[in-house]
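Reading through the structure tokens given below for one structure.
To keep things simple, chains are lettered A, B, C, D and E as they appear, and every chain counts its residues starting from 1.
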Amino acid sequence: MPELLQFLLSGITVGAVYALVALGFTIIYNASDVVNFAQGEFVMLGGMITFFAHAAGLPLPLAALIAIIATAGIGVALNKLAIEPARGAPVVSLIIITIGASIFIRGATQLVFDKQIHRFPAFSGDQPILIGGATILPQSLWVIAGALAIFFCLWLFFTRTLIGRAVLATANNRIAAQLVGINTNYVMTLSFAMSAAIGALAGVLVTPITLTSYDVGLALALKGFAAAMLGGMGNPKGALVGGLLLGILEAMTAGYISSQYKDAAAFVVILAVLFAMPQGLFGRKSTDRV
Amino acid sequence: MLTVEGLRSRYGRIEVLHGIDLDVASGEIVTVVGANGAGKTTLLKCLSGIQPVSAGSIVFRGEALTTVPAHARVRRGLAQSPEGRQIFTNLTVEENLRLGAYLFSDDKVERDRDDAFAMFPILKEKRNLAAGGLSGGQQQMLAIARALMGRPSCLLLDEPSMGLAPILVAQIFDVVKSLKALGVTVLLVEQNAFGALSVADRGYVMETGRITMSGPAAELIADERIRAAYLGI
Amino acid sequence: MSLLQIEGLGIDFGGVRAVNDVGFSLKPGEIVSVIGPNGAGKTTLFNMISGVYAPARGRVALDGEDVTRMPPHQLARRGLSRTFQNLQIFQSMSVLENAVAGHHLHERGSVFADLFSLPAARRRSRASEESARALLDRVGLGRAAEQEAGSLSYGALKRLEIARALALKPRVLLLDEPAAGCNAVETEEIDHLIAKVAAEGVSILLVEHDMKMVMRISNHIVVLDHGEKIAEGEPASIARDPRVIEAYLGAQAAEAQNADG
Amino acid sequence: MIMRLSSKATTLLILAAVIAIAPVFFPSSYYFRVGSLIFVNGLAVTGLVILIGYAGQISLGHAGFAGIGAYACALAPVHLGLHPALAAVLGAALSAAIAFLVGRPILRLKGYYLAVASLGFGILVSMVLSNEAQLTGGPDGMAVPELGLRAVLKAIGIDLSNTEFWYAFSGLVLVIGAWLALNLYHSPTGRALRALHGSEVAARTVGVDVAHYKLVAFVLSAVYASVSGSLLALQNKFITPDVAGFMHSIEMVTMAVLGGAGSMLGAILGAAILTTLPQVLTVFQEYEQLMLGLVMMLVMIFMREGLLPSIARRIRGRAE
Amino acid sequence: DIKIGATLSETGPASFLGDPEAKTLKMLVEEINAAGGVNGEKIDLIVYDDGGDPNKARTFATRLVEDDEVVAVIGGTTTGTSMAIIPVFEDAEIPFISLAGAIEIIDPVRPFTFKTPHTDRMACAKIFEDMKKAGISKIGLISGSDGFGASMRKQCLEIIGEYGIEVLADETYGPTDADMTPQLTNIKGKDGVQAVLNPGFGQGPAIVTRNYAQLTVGLPLYQSHGVASDGFIELAGAEAAEGVRLPGTALLVAGLLPESDPQRAVVVAYKDAYEKATGKPVSTFGGYAHDALRILVDAITRAGSTEPSAIRDAIEGTSGLVGTTGTVTMTAEDHLGLDLSAFRMLQIEKGGWKIVE
């Protein structure tokens, strides 16, 4: 069954990309209940800035580091300039702000950089690795490892650290959070910085595979969003599993059923899962008594 | 310890506090009574910093608080058990308590938590349950316990006895008294005016955003008007 | 003939028996109070009776009809109405509209009539608005009618919920701590209101921690502890029941109670 | 979000007056085109006001219904021999039926879960439209037959240019659509929708069949979107799957929220702004995207309830 | 001034077609105006960005005609936008030169509509000719599901029978997909497939090419003219792209053209000017815009008038105009005016292009 294996490897590769994006959503969502639709732009920025820094002669690791730091800075700016001033606005308004931000970032990127598609070299070459008749590129392993590592860090962050719980508390009840002494502005800033950095890191990891250009953000954000919802928004485990599942679903559909309708199949499965589990696979039900 | 002068506050265009003057001495228990909508909750919200103040001053231990953000007031020793409980419904009881001591990370946190469990054993039973699943009264206990976890030097309590069984109402007032013994200052807003005035040193009466009467608790409790309007006697 | 009949009702949360084997009945115009320590299962019992939770065991009958696990809106149609311990207000609507919303069942027509604003639909709307104003007056919120509901104080919101529940013209009314957040004088007003409603033939099931109020207006009291019914009877006998005193009233409060009574 | 400022009559009057008077100031017939687009978008947004503003349910897939309405007008005349106007009605009926079927399961979901489910629905529709190329012409689209009403008008002596006709016609449809939606607002149905928006449990206990009313809102808004798609198709005489695309869904929601989903005029104003903005921003050339994003952010930051409600609040504030 | 309009997809999914098109037009107009304009009149170029949205394009088309009162329009980057705006120009009787590929734009012929790029059908024909020569009769198809890929797939399937070639596997991928190994695995697993054809543009073909190498499919891989730019080799990686064949225009191999080639002077001049002006490598798509403007300017010059109908007539009389895509000769029946010779079969070797004819 080398085909099955190949489909699986392909699914895991793509799934890890989705998982990385989905993981980026979790922190801001956990801190504010807002799905940041500009998350895809963070991924795009990670790839684009790395490419241009690399093209300007910097070694790849340094270029990637600059990209991550710069993107984190942009995340903080987004919070300070757009989210914080709108504090207390209804969640839909905040979502529109993040959509506006994503259009803005896209517009700025095409001006500062360009509208071409770019790629930088894979970290460990392009020699495919053979596994039982199927192949996988070394870069895919990087992506998978990245997704696992970020998942693990986030999981630790939210379950083992006080500040992680403060993030959750901020989203759950901002006023109460202030009343116990949590600086909610700081929590928000931190969340945006971390989300943006994770997004940028994702961009750095996936660009050798997916390529990048100023407008890849939206599609990535959409898939990442779907993956996160499938797994249950806000839960790192959900993001990881949701991403991988979505990728494998797509690959299997493309391989066995119809490549035309692989996205459709993915969404049908998401609908089916949500029908049975309205909170996604691992989402927790909010417990509000009446 | 806490001095409020000419405090005004508004929701949108509607002013609901029209210049409140009030002071609380260190180690004192002071209570505010008043009818529904008098502005008691608003006053406490102004003090803890989650409600903007449009005029007047709040001075706490010699420092002007008016521009200090809410979270920083906690650091200065001012904690609140708010109206509507405002617990973290998605977090467990234990996490709620831990966050109450957000500013601390020493061994005493655990001791404080055990004290809280001793005070409200039911919370210990439910420690791993999402706080949103607690009954109304249990949530009220959690809100009080969480405020105590912050090791306040001045505690603002907004109707702490609300929704509690009679046996616990008595206990809450005992707790308030014992806090005084520990040197904690308490500003208590209560609908159970009788209970509140019984434990308080002094009291204020609030009517539609103004202080209309104040004095030693014993005097207030004996005042005919107060007996008629708030105690139902 | 009992209007509301509850038998062996029970539900579990994560293995904990929140309510177990609770049964009692309610006659027309009767006021029955459910009391018990915090977490005894009073609100959960209300939630099961009103269809918010599906009971795991037992049976609820309304006027002889088995209504166990029936969704709330169908129970409402059969004359069961309630208020909430954790306020459930239509925040972005005005106070008046909150009360009008309580008339939903009486003003309901077809969507088409509403879309085209047919005269019948308008007439129904107007009728329920008038009735809602009267109800607001009754609970003392007449002057706040045009205000945004979100801007009321806690005590006022409690009364708004009562008005909204009354708008259904219920046969059975479930009140979960209606006097919480009200001072003694305000509580007495609510007292009178409840008594008057009961006098009109509405059966009332009441959860309340204010013992003065409970003793004053209840015909019958059911005591829960840890989800089980531990006592039941006339107010006077309940106040003396040692198990109730120990679990719920506390010696101090019981003394005060007896001194008052 | 209380719609105090706009009693039904004033809202309709303002709307009708603006539609009737604006052409006096139009320097060229291009403005009629922009106007008619505003009305077409405004109609879809009016439907979303019912869904988002009244009932508090979000949908990121409503363009799917616009797609159904649009392609009904393209396909039904060719394959079923229907008159384009009837095709639009058929499209609306089909949209309602699909909304009814799809709505049942997905409206059980809340918040973002509903958003992603509706988004999935929209993507399914646009995917079918672009994959079934034999039928729909694929991503490159297909032609739509003439509505023919203009010719009828001409026969009775009213001679309008193409753009003028569509301006007047979609304006009329918008006014009717807004009238219906406004009727709904103060009606028992509208109240039930707003009640379940506030608290589903409480709505249930006052007798509101929450699932039913959510479905009502969903179906109604689907019909609005469908008619809007039909109008667009008939006006452009050419249609591509973009009309059902994700971006179009987002655009619709943005229009509603930007203007103020709680107020009908506000939402239509939002449609007007987002429709004209790209036209205005062309002077900024490469900076167009940047400006668009910036405007969206600024409006939502400084007018969090949406443009019109915030302005109204400010005016009322100053008056006192 | 002579007002010429354009509505292009400078942003959106087709932006890397529309972007060089817009840049080219702006650059050329500047050049022409600097050299004194056309018939002594300056050109006033008005460019709108429709973002690839046909509805927006339609509004801009109306604006160009009604508000800006242009005498001719270039644009419609994609087939969808072009088809959506054709009725506007036909109604207003303004000549319109589309930059999109589909044959529907000029077939049937509409009086005022022209186009410059080869049709997809021509690209298909060029590829199938090459396959036939190589003795390939069974292929696998993997096409992008965007407008470009879907349209070319359709055209190819329509004429493939004429070449006796059979499609054994017919796969697609979405425009933003990141991995096409499942589809390629299926093609690879089909017995008898001798070559693979990939109609598509954007990043898709680059990823297909990379996955193709990863899976060591080992069969000849044909790409379409949609990827005809140096950027493609860079994206796919020289190693993975080695041996890929595609029909390209003279522009792509400007430096490799023999001195005798009639197009050489034109393409070298454009390439140098463009790369100097923008700092970006030239692409086939910019060439489409280049040709459109040249045709228009040539027609206005010959017409000696800026009357739209006169311009239209003159465009139809274009004869032997050398552009980047080929030599254009229009007639009343042919509003494209290119033949197959305009395409050159190219192969990628060692990271560069080679003409294989």
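Quick note on the criterion: a residue touches a chain if its C-beta (ideal position, glycine included) is under 8 Å from a C-beta of that chain, and two chains touch if they have at least 3 such contacts.
This one's a predicted model, so the numbers in the text were calculated from it and none came from an experiment.
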Can you list every chain that touches chain A and also touches chain E? D
Can you list every chain that touches chain C and also touches chain E? A, D
Minimum number of chain-to-chain contact steps, chain B to chain E: 2
Based on CA centres, what chain would you say lies at the far end from chain A? C
Which of A-D and D-E has more C-beta pairs touching across its chains: A-D
Could you pull out the chain whose C-alpha mean position is farthest off from that of chain D? B
Here the gap between chain B and chain C, centre to centre from mean Cα coordinates and rounded to Å, is 28
Could you please state the distance in Å, as a whole number, between where the Cα atoms of chain A are centred and where those of chain C are centred? 47
Chain C and chain D have mean C-alpha positions lying a whole-number Å distance apart equal to 42
Multi-chain contacts in chain B, i.e. residues touching at least two other chains, fall at 133-136
Please set out, as single numbers or ranges, the residues of chain A touching at least two other chains. 110, 260, 263, 288-290
Could you list the positions in chain C whose residues touch two or more of the other chains? 43, 52, 84-86, 88
List the residues on chain A that touch chain E in their complex, please. 3, 6-7, 9-11, 13-14, 17, 110, 114-119, 126, 128, 135, 137, 206, 209-211, 213, 215-216, 219-220, 251-252, 254-255, 259-260, 262-263
Taking the touch rule as given, give the residues of chain D at its contact with chain E in the complex, in rising order. 27-31, 33-34, 37, 130-131, 133, 138-141, 143, 162-163, 232, 236-240, 242-243, 247, 278-279, 282, 285-286, 288-289
Using the touch definition up top, name the residues of chain A that touch chain B in the complex. 162, 165-166, 168-169, 172-173, 175-185, 284, 286-289
Residue set of chain E touching chain D in the complex reads 10-11, 47-49, 51-56, 58-59, 62-63, 65-67, 78-80, 83-84, 86-87, 91, 102, 104, 145-147, 150-151, 154
Within their complex, state which residues of chain C touch chain A. 43, 47, 52, 84-86, 88
